[in-house]
Every structure is written in structure tokens, then in C-alpha cells.
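Paired with chain B in one complex and with chain C in the other, chain A is shared by the two complexes that follow.
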Partner chain A sequence: MASKLTRSNRAGWLMALPGTTLIAAFIILPFFLAFAFSLTNQRLASPNPTEYVGLENYRELLGLAFFTLEPERDDAGVVVRDKDGDIKYPRLRKFTRNNPDFPALQGKREWFSWQSGDNRQVVLASDVVFMKALVNTFTFVFVVAPVQAGLALALALLINQKLKGISLFRAIYFMPVVVSIVVVSLLWQFIYSPGDGLLNNILSGITFGLFEPRDWLGNPSTALGSIMAMSIWQGVGFHMVIWLSGLQTISPTLYEAAEIEGASKRQAFRYVTWPGLRNTAVLILIVITMQAFALFAQIDVMTQGGPLDSTQVLVFQAVERGYGKQDISGGSTISVLLFLIVLGISLLQRWLTRERT
Partner chain B sequence: MKRNLILAAVIAGSFTGSAMAQTELSLWYHGAGSANAEEALVNQLVEEFNASQSDWKVVIETFPQLAYNDAVGAAALAGNLPDILDVDGPIMPNWAWANYMQPLGIDEAKLEGYLPGTIGRWNGDVYSVGLWDAAVALTTRKSTLDKYGIRVPTLDEPWSLDEFNGALEKIAASGDFEYPLDLGMAWKGEWYPYAFSPLLQSFGGDIIDRSTYKTAEGALNGDEALAFGEWWQSLFENKFAPGTSQDAADRDNGLLEGKYALSWNGNWAALPVVEAFGDDALFLPAPDFGNGSKIGAASWQFGISANSEHPEGARAFIEFALQDRWFSAFSDGTGLIPVTASAAAGTKNYNPGGPLEVFYDLSKAQALVRPVTPGYIVQAKVFEKALADIANGADVADTLDAAVDEINEDIERNSGYGH
Partner chain C sequence: MADVLLKGIEKSYGSVDVIKGVDIEIKDGEFVVFVGPSGCGKSTLLRMIAGLEDITGGTLEIGGQVVNHIQPSERGIAMVFQSYAIFPHMTVRENVAFGLTIAGASKAEKEAKVNEAARILQMEHLLDRRPSQLSGGQRQRVAIGRAIVRNPEVFLFDEPLSNLDAALRLDMRIEIGKLHKSLGATMVYVTHDQVEAMTLADKIVVLKDGYVQQIGAPMDLYHKPKNLFVAGFIGAPSMNFLDVEITDRSSSHARVSSELVSEFAAPAWRDGLPGSGRVTMGIRPQDLHPVETGGVLSGNVTLAERLGIETVVDVALKDGTRMLVSLAEDRVFEPGQAIELGFDPERAHLFASPAETARTAA
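Right, the complex of A and B next:
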């Protein structure tokens, strides 16, 4: 390969030039700029000079602290309880706000806590919103990647048959992919609408009114799940097509041979189809993972990260900070962290799915 | 560059048959494709200005509102700002601070008698001036209030906190409406600080301490702000108002369809209410939560960009626009509030006895501009998120503390924003 590239090939290089220039200008350069900005206090618009701040941005995003909150005790040293019998704790803000005895807690907020004996163990974060975005993004990826890949495979198997009108089904399954994600998000907002939205109506219809209408996007416990379901619906058609192309590269003679050997449908799938789809599977897994990490439009249109940060995700936060709050350095820092995360996971996937010889 | 422009203008002038060479001035306007007559009126304004004198020729370029601020930011980075800028009132200090704009240089005596929200000041200088203002009122029907025996409040005697809560309780208890109060939670973005921060101010709090503009501590998380937060949360806990997942269509039509009894809405939405309810329509002042009844002020305004080569031309254009007949024309075309009392007298809706007259008085008596600081862009976002979180049940004190921390950190990172 290397010899081909170095050999005199001016026309080839010339033809690659426009594309390479554009990629360099709009992808490679901004990529390095993001690294550089994340070490400064760069603003979108400001008369103040940009200053180098080292790893300050990273510290502000990733800072964690651990704190044991002891219950309030009366003069006799007995734990104070309220009328329901719950233990009363002093407010955390006593320790985190301008308390010179606890400099490590200054400006941090409670991320989560648990009970241990009479005490409450609290994990505090400098940037709780970022931490929640991180957890939500991973949740989204770990649910969407396998479910979407699996559903797409099932659909691909279903439509990989010679039936009358099968191309109609192919078109229907593929349709959501062609529609802009912003339009899809708006439509699903109507579907999820609280009270008399489409989903609530259908569910109460088929349960004869037993189902209580829900505020799907307005409830912290259902918001992220609703967005996952809608994202899978939108993206599944695209990966179905990739699976389908993989299925069609498998030689029919292999299936004929399996049939002659007396293999069942399940055995044919296990020993012919699945090994034949190996490379397709690796591709699909990596593509879905990367797409899922880039989740943005649905959040921006449907929930803006709410309610109560239950749908905050990394890319939305990067845009919100960089553009909305004019903090280019903060947005860049999130982008760099996201890049490292995706890179790490991609390498891990490559390693897990490597060819074993 | 200058010579080229003049040359171009000369050539263009000779083609159009104009007798004198006019110097071109560029104007950027945010309202491309706006539903009402605003865009057409701005174009008419430009045409009449160009015809009225022979020195300057304003060339207008319109942008969709969503892309406008980004376009200005990008043009500023590239050094390509137009001569005349259209700017949203609360954003102006940010642009002035970031050196996008220069002081107007218009004699302030000319701005006497203008509604307070229409004059944009930063660091003692006037940077922008508006041809209209907007106001918010509690919209309802007289018959609704009569039915539940609720007093009709006036500018001099608005509802108190207890009276307001009592009214909401009464209406909620009747079960006649889905919700007694519509706050417009469906309208994300600038609506939150514009419509709701005056309520906080009426409680005695604020988004930021306006005496120094250096900290939000005590203003946004003091006792008054906590009281506001608790009250705000109670509205949603008691099902007095629909929360952040309110359907946008309900926001627009809920009052007219009878889903809501009261709606906290702007004067731009007032005409359909008057059409639907006629004399029964009521536009009420905000309740007085302890520190007077307050509403927000300032809409889009005109200013001069910092790198304009012809500020005197830009000034001439803006001075030409500052006439009662334009204020009246914009008000008639868009339903917005005219800037002066004399202009109001010549409008369809704001003349004495007109259907929307009350908005002019509201704007004059109670309007308070949003914090005049370059950091407002960030503070508005932080405030919006805090109010949404509290509405969704977050702990009031912790949420407001976090908002204060974020605002203060941002001020610090920007070396005090030039205050």
C-alpha cells in the first residue's frame, strides 16, 4: 500500500485535494482547536483576552467529593426525628457554601446519597449537571445500541424473503430514516403529549380506560425512556438496510448445503447466517454506539435536558454551554471528554470483536 | 473600501437615475418572514428614509430571528458588521461590551417622554432605542371574575399575594377549568426571564444584585427569593398552572377555549382575546407580592455597530425613525405598544378608550428592564433552568443556590463583565 501512495501519482493527489482540504478545514482543524480551547477561558464574544488556564475546565467538570452527613442531635445526643420518624439532617448548604471548615466542599452540590446507619453518605460533584449528562448518555448508549441493532436484525431477517410486495415493507421500515430528525421529534412530541396525546389515547383505549394518562416527557422517570423509544424507531430502518446488505452477501449455496445436512432454521441461523454477518455486526455496533453518543436533536427539540436534568446529555450540554452561555472553553472541554470516551469504547469494541486466529 | 463603496453607490445611482450620489448604509433586521406587518413596515421606513434625503441609502438585509444573533456574532468575528444593527433590548449590553456597538450619540432631550423600556443604556451611554415596547398582563374575562366573586384589580390596587392565591384556589375548587392559571411554561427561552423575573422582583428578590452587578448572592437565594421559589413551586404542586410540559397549542388557545381562567401573556397576543370576548376581556396588572406590581420591558431596538464607517448616516436613519407617525404605524401593524403618549393617541388600539390602552399604562407604570449587564445572556439561561427545575419539584433552596453559584462563577470568569 505504502509504495502505491509514494509512487508518482499526481493526478490522484490532485483529485483528493478538494475533499482533503474541506475535511482539514472543517473537521481536523476544529478538532485540534477544541483541544486548545479546553485549556483556556475562551469565550464566544468577549473583549477580554483569552488566558491559558491549564486543566481548570476539566477540574470544574470532573471534581468530586465525598461527605458523611451526621444527623442533628438534641442536647442529650439523641438523633432528632421529624413527626414521620425520619431522621433530620442539617442542610448540605451549611457545609458547601462559604464554610471555611470545609474548603473541599465549596461550591459543590449533592449528586446522590445513600443511608448507612444514622448517617447519610453523600457524593458531591462540582458540576452535577455534567455528571447527570454523563450517566444519561451512557444509559442511552447501553440501551439503544443492543436494542436497535437487535430490532434492525429482526426486521432485516423478516424482509429478506422473496414475497409479493416485500419492497413495500422495506420502504415503510426505511421511511423514518429519510424524515428529518427534527420533524420526527416534533411529531413524537404530539404523540407523547400529556392528557389526550396519541399514545395516552391508544393505551387507555386498548385497556378500556384502565390506563392512567401520563405526562411522558414531563416526568423524570419516563422522559429518557420515551426519547430512547423514539430514537430507536427513527434509526432502526437505516441499520436494517445494512443488515440486509450483509444478509445478501451470504451465498445461498451455504443455506442449501445446510438444508441438505438437515439443519433446522435455528441451526442455519446460528451456524450460517450469524458467522456470515460478523463484519456487518462489528460495523453496526460501532456506528450505533457513535450515533447514540452524539444524541442531540431529540433533546434540543423535545425536552431541553429537563425535567430535572433527566434527559441531559453530553452533546446537548456542549452546545448549550458553548453557544447558549457563550462559554466556548466549557463546550470544548465536554467535546474533548466525549471524544476520549467514544475513542475508548471504539477501541474496546475493536478489541472484543477482533479476529481470533 | 470607502472609496469603492462610494464608487459603487455612484454607479448604482447613475443607473437608477438618481440625481445625487448616496452613500450606502447596511441595516440588518431580525424579522424575516414574521407573521405580522413588522417586516413590511421596516422596509417602508427604509424606503421613505432613502427618498427623504440625498446623502444616504440604507440597504436592508433580513434574517430569520433564530439565526440572527448567531449571524451578528459571526460577522463581528469577521469584522463585517452592518452599519445599523437591530438588537434585542436585554442583549444590547453584551454587544456593547463585546465592542459590536457604539453609543448612539443622539441628543437625549429627543428621547424625553419615551417609555423607559425603549431606551437601551450601557455604562451611562444610550446605545439603542426602540420603536415599540411590549408588556405582559394577566388576561381573563370579567364574567369569570364576577362568577367567583373575585375583585377586579386596578393599577393602583393590584391583587395582593393572598388575594391572588385565594382567587386561584376558588377557581380551581370550582373544577370549571383544566387549570386556573396559564403561565406560558410551553414557551421556553427568553419568555422565562422576561415574564417571570418581574414576579421575583415583586417578592423583593432579583436575578442579580443590581447595585454592583458582581454577585447574585442574596438576590437570587435570599429570603425573598426563597419565598418566591416556594410560592412558584406551590403553583404546580396545587395544580394551579400547567408545568413545563404544557402543550404549545394549549398555550396559544387555552384561554380562548376555556381551558384556563387566567393567562399571563403579552400584548402581542391580546388582539385575538379582544376579538373573542369583546368588552368582557380584561387585562390585569401583575399581583403585588410585597414590592409593587412589576412587569418586564424592552423589545427589539436599533443601534449603530462599532465598526460602522458612517455613524452619522446611521444616526440620521435612526433619528428619522424616531417619529410619532412611525411609532403609531408599527403599533397599528403589529399590536405592539407605541413609544410615546402622543403616538399612542394616534393608534387604533392604544388611544384613550382603545381596547389595549391599559398596556400603555402598564408599561409606563410598572415596566422594569431585565438586568443591564453583558452577563445577562448567561443569567437568563440559568434563571430559566432554575425556574423549570423548581416547577418540576426540585428543592428550592438548593436550586437557587446552584443558580447563584453558576452566575457568580460566570461573572468571575469574565472579570466582572466590565462593571
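Right, the complex of A and C next:
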């Protein structure tokens, strides 16, 4: 005989079934499939059977090699120079293509290099585009996370006052959050547009024409920065609201006590506000970091990773490979790596901001 | 040490007047308690003395200096809040030393002053704990410690015991009383609990609706309340009131009676008491006692609460008016039992009608 408890449990499970099924089908299953695919050569649509390839996908993405390229020398051992006086080096592909003496360099391409004496030190990567995406993503995170969190806190402090019409400011700062990121990206494309875009116009206006209009998104040196600025603008309102809720959990009496003790505004912030925001700060840092790692829509709409891969990022690469190139195992591998990176950083942040007793 | 002088103090929030012209003189070293029902403005008044609220009108002097526009930290005051307001992320030691840290005091000075305060409050063993590890009473002790370290001329307490349970409240009340004696500082204390007011105060200020109702020593307020409000507010259980008619009036006494009250002569010293007509008679539950025959009042027992040391009897008079009788003994009364009540006529209070009393500000 089923007891009353198990019977009511069965009803409960039954009611939970639709939701659980959906979560399992669209979140849990894909999560584990990504791990599984990353160990195979699965393609989106292919007549060939799927094969288990072990860590080959990871090796292809992460493979790095270091190589010292020595200059060409004539018979006397003197360094050969071209007519501009530059040192002449053997071509790199002599070593990376089917050279049995250098199996570690097989199939790799130059990522970056620097000069050291007569020699050229070269760092080669199996997948240069992935490496650029990795570096760009980290740059994006390390700039956006602190700047966005800091700006959001500043705004939260500003609007956490009892002033007439302050809710209007709250609404204004929050507005970009409500607008779809795709729409925001399109709008900012106009702002950044070369020639007579809004930004170029404003800058040349306030410098009385001294400023040379530039192609913000078309120039490798400004493209990523432009996307960062726009992303910070778009997300700052959301984090401002989280800070604000944190600020409002701090008892006003604490500020009064601090005031009576003679604390200045700055001291009140240091001794009352900031310690009171500890948990909020941890939350915000983790949320911003995760959001920043997930950067995709802006890139997809505005630059498609260009110019010259200067705005390649991990998620864009994952999508590009998985669906653009139908290489679902490659895309999955990037997703898994991204997951591990974000997990690692979140654990690190938690540890760094832990409560010290 | 300093005295505190409030002259014509007013406070309005927009068009709402909260404090409507208050004059209070607090002498150096005095323990003054502001008491009144919630919303009477007592906390606002205290916060104005602290400098946490702007003063709309009037002048506030501390130690002979007008401080209306002086920063809280420079008024020579320290404040203890109802919610303790101790900083949750700091140890007790850091909390107590907070004012010194802000002022940039040396380590040795901090150490000495914190230890001194801890000794006074007997909380040396708590110094390295965090507020989350303390009980309510201990937290309030920390808050008082932080006040002591400031070495203020005036201590301000804003309902400091309201968040504590009854037993702790008694302990802390005694401690605050002792603290006042040992420090000899001026203390201003806000409470809605008249027991705290009666036991701690040198002088009680009764407030209602932004007006001072009466200022005086606790026993003055108890025995000679100026008006109906003070009479009803001070004393527990509160005073019984009955409408009576004056039949004859001399300079010191008035003969009064009504359908419920047999005629007797009550003292009539209050200002504004009419020579004839309807007035309100008040008699404290403790002054009423059952008599065999010839009582001034008669009715039936509806409820008797036996507290051991006293018995509180709820009596319904003929027309249903409730009277409380408090007897300082354990006695058994049956519900429905007929009872006659007598009292010493000198203990009766006569007040002008309520409408008039409300306007009488001290």
C-alpha cells in the first residue's frame, strides 16, 4: 500500500514533469552534449560516422609552440640583409609544413613574434583566430568588469538620494537595459559610423574641427574599445539597480551614528557603505564577469569579429564554428573551455572576496 | 558637562508641524526623560538636539552656545539608538573606538579609552567579538560604550531598551541609572515606557502632538498631573475617569456628584477649572478599594486578574462605565459579584472638560 506521502509525492512529481522535461531537454542535456561533442569529430550534418577523437579538439585549439628563427647567413656566416637593410629570415612555413625535423610545429601558424638580437622569437599557435578571440575576450572582461561596476556604483550613489525627480534619473539610467542589445548595437553603429557619424560630429564640434573623423568600428585599434564603451553604457543601468538595492539594505541609523561620531562623507563611505556592500560587490563582479565572457550580440551585429580579427571573441567563435562552419565539435570545445574559464574565475573571485574572520 | 536649553523649538516637514514650540530647560547633570505616545514628537525633538534633524524654528543651546547650525559631531553629544547602530563588520573594540579612529587618535589612546569604557560597562570579555555574536543587551552595551568613549557633555538615548526583552530591559535600566550616577553627565532619554521614565528621570517631559504637556519630577507628575492626558499617561494601570457635576465650589475644594457618584468634596486646584457645570473626575486604580457599605461608587465585578502581589479588578458601574481597581493584596472576586468602592476624597482629581485640556500647553 502506498502511503499518503508517496502518493502526494507522485502527484507532485507529475506536476513538476513538464518543467523538468524542458529544463532537461534545453539546458541539462545540451550542457553534457557539449562535453561529449568536444571529444568527437561530430559535424552538424555529415554522412560520415562520428568518431571519438579524445582531446584532439582541445589540442587543435590550444596548441602552442615557441620557435627561434635564426637569420639566413652567407657562407662567411654573416647575416644576410635585403636592400632595405632588414635581416632576412628563412620562411616560417619551411618548418611548419611537413618538416620531419620539427614535428611540434606541424600545421601551426605565427601568432606573434619579437626581435631578440639577430634572432626572431616566434610564438606559433595551432589556431591563431581562437587565440586572438581568447585575448580579446579577456581584455574585454578585464576592462568592462571594473569600469562597469565602478560606474554603476557611482550612479547608484548619485541616485540614492532623496531629491525631487530622482526617479526620473533612475528611469533614464535604466532605460538602455530594457532595450534589446541588438537594437542598441544597430543604434551605436550609427553613432560610430565613419565620416559624419554622431560621435565624429560631436568630437569635431567640440574641438572646433581639429578632430579627424575616424572609422571607429573599421579600425583594428579602436574597434574593440568602441564595443567596450557601448557595452558598458548598455549594462551599467542594470548593475546600478543591484548596487542600489545593496545600498538600501544599509540601515540609515548607521550613517547617523557615523555622523555623530564625526565621520566625513568619505569616511562614512569607507566605514559604513563599502563594508555594507560586500555581498553585493561579490554578486556584481561575478555577474558582470559572466556577462562579459558571454559577449556575442554586439560583435555579431557590429563587426562580425573584424577588422583583422580585432574583435574576435570566444562565444562568437563558438557560434561561427558550430553553425557557420558546421563544426559542432569545435564549437562545443570552445563552449567547454569558456565554461571552465568562467567557473575558474568565479571560484577565484569568491575566494578573493571571502569573509575573513 | 553642560546644560541644554530649548527655546521655542519648532519642526515642520513641509506643511506638517511636528513640534509646535517647545521650551525645555535641562540642567547640567540632570537625567531628563521625554515621554509620550508614538507620534508625539519626542524622538524628533531628541534628533534635533543631536543635530540629525534641522531645527525649523527657535533656538537650541548646549552649554550656553547656540548650536542650531553646528554639526552633530561638534555639539559635544553622543547618541545611543534603539537599533543599537553598531557597525556589523567591526569587532566590539573597533566599534567602541570608532569615533577615535575617525578623529585619528593614536593606538595607545584608543586602547586606554576603550578599556576604560569596557571596564565601566563590564564587557572586557566581549571586546574581540563581532556584533553578530552578541545578544541584544550586549549590543546595546557596545553602543553605550561607543558613547562613553566620546566623553560627551550630553548623552542622548533614543528608546534604547525598546528592542530588549523584559528581563534585560530591567537590567539595562538599572545599569543606565548607575551610569548616570557614576558619570554625572547630562542625559536626555526618550521612551514611550512610563516605567522607564518614572524610575530613571530626575525630570520628566510629557509630550503630546508636538506640545509639552507637563514638565516635572516623576512624583509631581504622578500626584499632581496638570491635565487629563498626563493623568492618564502616567501610572499603570491608568487613571479612571468619570464625568461629574460641580454642585458647590470653594477656593480649594469642589463638591461633585453624578448619577454614578455619591456627592463628595474633591480638591480643586487646577487652572481653568470652572466654578460649576460638568468636569471630569479622575481616580487612580490604586486609590480605590472595596467597602462593605456606603461606597461612593457601586457596580459589578466583570473580571479579576490575580497577579500575586496585586489584584486588578475590572468593575462595571451601573451604566456600563469600566473602572479598574488595583489592590495591593491577593484577593478573590467572583465575576458578577456586586461591589462598592470607596476612596480618600483628597486623592480624587478634577479636570476641566477634555476639549479645553487639549489646548492647554505647558
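The working rule: the second predicted complex is superposed on the first by the 332 of 357 C-alpha atoms of A that agree within 3 Å, B and C clash if a C-alpha of one lies under 4 Å from a C-alpha of the other, contacts with A are read in each partner's own complex, and residues count from 1 in each chain.
Throughout what follows, a residue touches a chain if its C-beta (ideal position, glycine included) is under 8 Å from a C-beta of that chain, and two chains touch if they have at least 3 such contacts.
Computed from a predicted model, the values in this text were never measured in an experiment.
With chain A as the common reference, chain B sits beside chain C without any clash.
Of the two partner chains placed by the overlay, only chain B lies in contact with A:109; chain C stays clear of it. In the superposed model, A:59 makes contact with neither chain B nor chain C.
Look at A:41: by the touch rule set out above, it reaches chain B but stays clear of chain C.
When both complexes are overlaid on chain A, the residue A:278 reaches chain C alone and has no touch with chain B. Within the superposed three-chain model, A:308 lies in touch with chain B and out of touch with chain C [touch as defined at top]. Contact with neither chain B nor chain C is seen for A:265 once the two complexes are overlaid on the shared chain.
With both structures placed on the common chain, the touch criterion links A:254 to chain C but leaves chain B unconnected. When both complexes are overlaid on chain A, the residue A:215 reaches chain B alone and has no touch with chain C. Once the two complexes are laid over each other on the shared chain, residue contacts for A:326 go to chain B alone; chain C is not touched.
Between chain B and chain C, the smallest C-alpha to C-alpha distance in the superposed model amounts to 53 Å.
Looking at chain A, you'll find no residue that touches chain B in one structure and chain C in the other.
Listed in rising order, the residues of chain A touching chain C in the complex are 251, 253-254, 256-263, 267, 271-272, 275-276, 278.
Chain A contributes residues 41, 43-48, 91-93, 96-97, 107, 109-110, 128, 193-195, 215, 217-218, 220, 304-309, 320, 323-327 to its touches with chain B in the complex. Contact residues on chain B toward chain A in their complex (touch as defined above): 70, 73, 76-77, 94-95, 97-100, 188, 243-245, 247, 377-378, 381, 385, 388-389, 392-394, 397-398, 401-402, 405, 409-410, 413-415, 418. Considering their complex, residues 50-52, 71-74, 77-79, 81, 83, 85-90, 98-99, 101-103, 146, 150 of chain C touch chain A.
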